[in-house]
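Input: structures, listed below.
What follows is a pair of complexes built around subunit A, which joins subunit B in one and subunit C in the other.
So, the complex of A and B:
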């Protein structure tokens, strides 16, 4: 197990290096010199030279790249151009608000989707199944922005069921502010997930062991919950783990609409301010989470499926 | 007697099955209507005057005239014309980004799967890396660095959306390269290029079509988000720009600009969703 973990971890190094390389090429080679933008139109040549020196832009590219790699390893991405804050602090501060929004959203989406998935797989081919699939496709096709804007307008503004926007770090008040974003997030993703889980579950219901379970007299709910669900765990887990980085990034549009100071909000502010170092750091940070998520999937495979061995 | 056992090719078989699927045909029709609207707008035949004032500001939808059927915006411009102009933008983003990404995905996937070894390692490393950066972050980064606007968006979408096709193609080429018909072609002296293009490609090309509908839809969705964030279309209406403008109008009871842009987007995405499923069912031999 330990050797397996270490080997897997070493295996991610080329990918992490690749991510660093792509982000570096984008921002330090393709992108223009940010110093002109930072100093405004009336900067003197001297000021520009000084700032370039301060930010290390006067060094050769390979040294800049090494510097960037060092930043990634030490998790110290320097300061934001716009807020002058330490970027690593910004990221760490943003994680909890993002998770407050996304963990419940993730939990409810999965619970609801798997349950509906099991139910429609049980009723496959009948009207309930067909209707659900149609509803899912409709739900998937509504633009995310429409969900957000219309829910915010009707549920929060018109009917006053939720606060329109805002955030309070105190417990349990913060739950009041994230309730509507959670609801929207579930609405947005449930369509896709139900369809995905339905297919995954249906693939299992045709298997021989299901027939055996029925033949030995197990009730349908038991067959589904005990045998089918267990065996469809691999695709379900894959889908779940793949969504982990998005969990931290938060439904970033939601964060910006509802004024939740999470990572998504930070990213959108950085976009509006052309705050390159923050976007650079966020890209790397999110990618690291994604790579970690992939690693976790591989490990969970070995836990749920004994046929996958530590090789 | 021989006529009864006439062979059917994958394509004619798929076409026959698609024609039986009424819903898929309707969806294809919807997409054709959008494409036509986009083409006509491209050549300035309709909605060329989206910038002209057609009435008072924030006039609600009225059915007396074509240009106010979706109401007017803050400058009294026709929301309907803006939606059509947005259609042009959405369709062109879908088309251009597909034209960039499909050849990349096809070529890299084919090379990796066919040649294997270090070529495969290199290409797999490359697309694993690209897919490790969450899509929206990479799109934001590329458009920001390239200086926003349509060209940046075409490039960003083209450069990021080939990974799925490359993965599929690689898998298919690995499967096909050792099949008897390819080995036979090799023993008859077929070159690598001839084996890739003349022998294997026709047997896997249906995956390109399946991929295309997903790709197109993804590009349309991404355009709306990017334009909404101010990274996409500049200085002209697109669905994303309209939604961005409309987000503050809603509180004043002006719902038509938002409704126009989102429903235009809804129907085309719905059509692509359903058509994509139908294409997969009709073309993927595994699902038969």
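So, the complex of A and C:
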């Protein structure tokens, strides 16, 4: 396993290099000029030229790219152009609010979706199944913005069940503020996940070993929980683990409407402000998380499927 | 299975409702709290970077400059802040001598090691240090422009600092701490606008110990002389300010403009400031939570989001009965700004054809635009200078701003393009957000009425800025908010030496205009200068480097318990005058 992991980690180097190259090219093509943002509306040509020199924008592109690679290796991206804040601090400050929102949402979505998936697979073709599928399609079709506007207006403002917006870094107060965004996040995601898990589970219910289990006289709940669920875990895990990097990135719209100071807002603001150091840091950070997510998927396969090994 | 499913759903809902049932703690809230918001994340709290309204407002709560604006008087007038009185002006009009208030303390902070954390007295040396810091090239301040080319010796100090480490001990001839409480500022030439710079957040006085102690993190550790000090700081979510216990005695003004007394704005005259114990600032990047928070009493004052205009304002442009019943008050104030569509004067087609620009200007119908995009909250602009600023001419009617299609067609024909024939589509550059897209469609429709087509190029905001600064495209739309209440701030947008990437993004160049502009810079406020301003405004109205569109009106809603509210377009430190009536708030 160790050799496998080392081999996999070495394999990530070209991937990160590729990401860095694409980000660098894209930024230089369509990213605008950060010096205009940094110097404000009264900047003169001389000040702009001086700042460009100071930031190294007048250096050859390959040198600028090498500098970027150095930042990746040292994981030191410096300070934000727009806010002058230390980027590592910005990321660390943003991760916790994002995760406070996304981890419970992820947990509840998964729990509910898998349970409903099992249930509708069990009732395949019957009214419960059909109704669930219709509801899932309906749930997926409603834009997330509609959920947010509706819930914030009725559940928070009209009925006073939740705070309208805001955030408190202290525990357990912060849960008060993320409760409604979590609920919305679950509602938004559950439709897609139920359909996905239903399909994965149905693939297994037609297998021979299920027929054997029934022939042995196992009860239906036991057959589903002990055999079908376990064998459906490969696609389920793939889906779950690939969602992990997205948890860190947060949910921009929810963060924005509910005033949660997560990484989603930081990233969008960076794009809006042509804040290249933050864009670079977030791109590399996210790609590393994706790579880590893939690695984690491979490892978990071996836990749920004995046929998979680290060869 | 049913059991499992039910358990999952109920568990989630139970947890949601359980935690939502808890009341968020209002730590330290005595009830005497001003609840406000910012529509954008706060960049930081270092005065030298406070170039946007939001950072400027937050910086203004903790830092102070030599001067400030009178809270109540209109037209806007400067009064002393850290200065004891308005400065003495030398006979040649170049030197200002300020006497500082004695006993003004910086807030207690760990950076004051010599006094074991007790804030020391602010002195003239602090003013000199703060001004040099604004000029420090290594710090890349966004406010350097207010001093650039103005103070004797400061540009040279800045140039010498570019080569190596800035030497703050090196004297600057135009910045002298004459004694502990006296500072003399000498300008290169007379400037009528200079004093306004001393009321802007950029020139706030900072303590050298705090700057050096916190280094690059100084922007997150404000240590000023102001009425509030920071208690909670999350620049992305919430800021909480509390009364500064070592704040000097400063009193609520005893006079204002006509009508202030009747409006109850002088009830607290002579009382020590600040009147509230805390200021809680929530960041609302979306308008719905801002609006709902106001309706539920969690915000004391708000603007009216475009989407909620119908809920707030009725057909007669007054408050709706629902809001009147709640005791909410509506304030309408002119915005000191101008929105415009810019012609790129470097473009060989538009730049050289004045008749074409005049035709397009006269074809543009701003009235439906104001209704559609501003809910009627704007007035048509006749020129670059908005009302409320000296130099504004209420009697001037721009001959190229009356909407007249027949005249527009006539001018277009004279320009060589009858009914737009022979004129290639003009390249209009804009941003990619939905409002810009809608505004672009409006513009396309407007010009199509005289046979002129637009080719639209959309960019992200940074790309759009780069396009404008490098004069790509033939026309684009923008707005300018005043930095200070002087028409010069608008007229500099046509001065040829400010051409792109400077603020003159139309790249208008007219030697006659430049001559008048340069002359106006040497004059103090008076009839001669006002006449020059008006001449320049008429000149650009005739030359049409812009289509002058509108000046916005700002509508604000205020809760019944918030007292002493009077919107100020320039003063950043207004929270200290506000009072909350706890009885009404209950």
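Criterion: the second predicted complex is superposed on the first by the 294 of 311 C-alpha atoms of A that agree within 3 Å, B and C clash if a C-alpha of one lies under 4 Å from a C-alpha of the other, contacts with A are read in each partner's own complex, and residues count from 1 in each chain.
Note that contacts are C-beta pairs under 8 Å (C-beta built on N, C-alpha and C of every residue); 3 or more make two chains touch, one makes a residue touch a chain.
Predicted model, so just to flag it, every value in this text is computed and none were measured.
Participant: Does the superposition put A:157 against subunit B (first), subunit C (second), both, or neither?
Facilitator: A:157: touches subunit B and subunit C.
Participant: Is A:23 touching the first partner subunit B, the second partner subunit C, both, or neither of them?
Facilitator: first
Participant: With the two structures laid over each other on chain A, which partner does A:146 touch: subunit B (first), subunit C (second), both, or neither?
Facilitator: After superposing on A, A:146 lies in contact with subunit B but is clear of subunit C.
Participant: Given the touch rule stated above, what does A:5 touch, subunit B (first), subunit C (second), both, or neither?
Facilitator: neither
Participant: In the overlaid three-chain picture, which partner chain does A:137 touch, first (subunit B) or second (subunit C), both, or neither?
Facilitator: first
Participant: Looking at A:31, would you say it contacts subunit B, subunit C, both, or neither? Reply first, second, both or neither.
Facilitator: The answer is both, since A:31 touches subunit B and subunit C.
Participant: Scan A:271 for contacts with subunit B and subunit C and give back first, second, both or neither.
Facilitator: The answer is both, since A:271 touches subunit B and subunit C.
Participant: When the two structures are overlaid on chain A, which partner does A:258 contact: first (subunit B), second (subunit C), both, or neither?
Facilitator: In the superposition, A:258 touches subunit C alone.
Participant: Taking the superposition as given, does A:63 touch the first partner, subunit B, the second, subunit C, both, or neither?
Facilitator: Neither partner.
Participant: Residues of subunit A touched: more by subunit B or subunit C?
Facilitator: Comparing subunit B with subunit C, the partner touching more subunit A residues is C.
Participant: Can you give me the overlap between the subunit B contact set and the subunit C contact set on subunit A?
Facilitator: Touching subunit B and subunit C on subunit A: residues 30-32, 149, 153, 157, 271-272, 274.
Participant: Per the contact definition, I'd like the list of subunit C residues that touch subunit A in the complex.
Facilitator: Result: residues 1-2, 4-5, 8-9, 11-13, 15-17, 19-20, 22-25, 41, 43-44, 46, 49, 51, 137, 140, 142-145, 148, 162, 216-217, 219-220, 234-238, 282-286, 288-289, 292-293, 295-296, 298, 459-466, 469, 501-503 of subunit C touch subunit A.
Participant: Any idea which subunit A residues touch subunit B in the complex?
Facilitator: 14-15, 18-19, 21-23, 26-27, 30-32, 137-138, 140-146, 149-150, 153, 157, 245-246, 249, 252-253, 267-268, 271-272, 274, 276, 279-280, 282-283, 286-287, 290-291, 294
Participant: Per the contact definition, I'd like the list of subunit A residues that touch subunit C in the complex.
Facilitator: 30-34, 36-45, 47-48, 50-51, 54, 79, 82-86, 93-94, 97, 104, 108, 111-112, 115-116, 118-119, 122, 149, 152-153, 156-157, 160-170, 172-173, 175-177, 179-180, 182-183, 186, 221, 224, 256-261, 265-266, 269, 271-274
Participant: So in the complex, the part of subunit B that touches subunit A is made up of which residues?
Facilitator: Going by the criterion above, the answer is residues 125-126, 128-130, 132-134, 136-138, 140-142, 144-147, 221, 224-225, 228-231, 240, 243, 246-247, 250-251, 258, 262, 265-267, 269-270, 273-274, 277.
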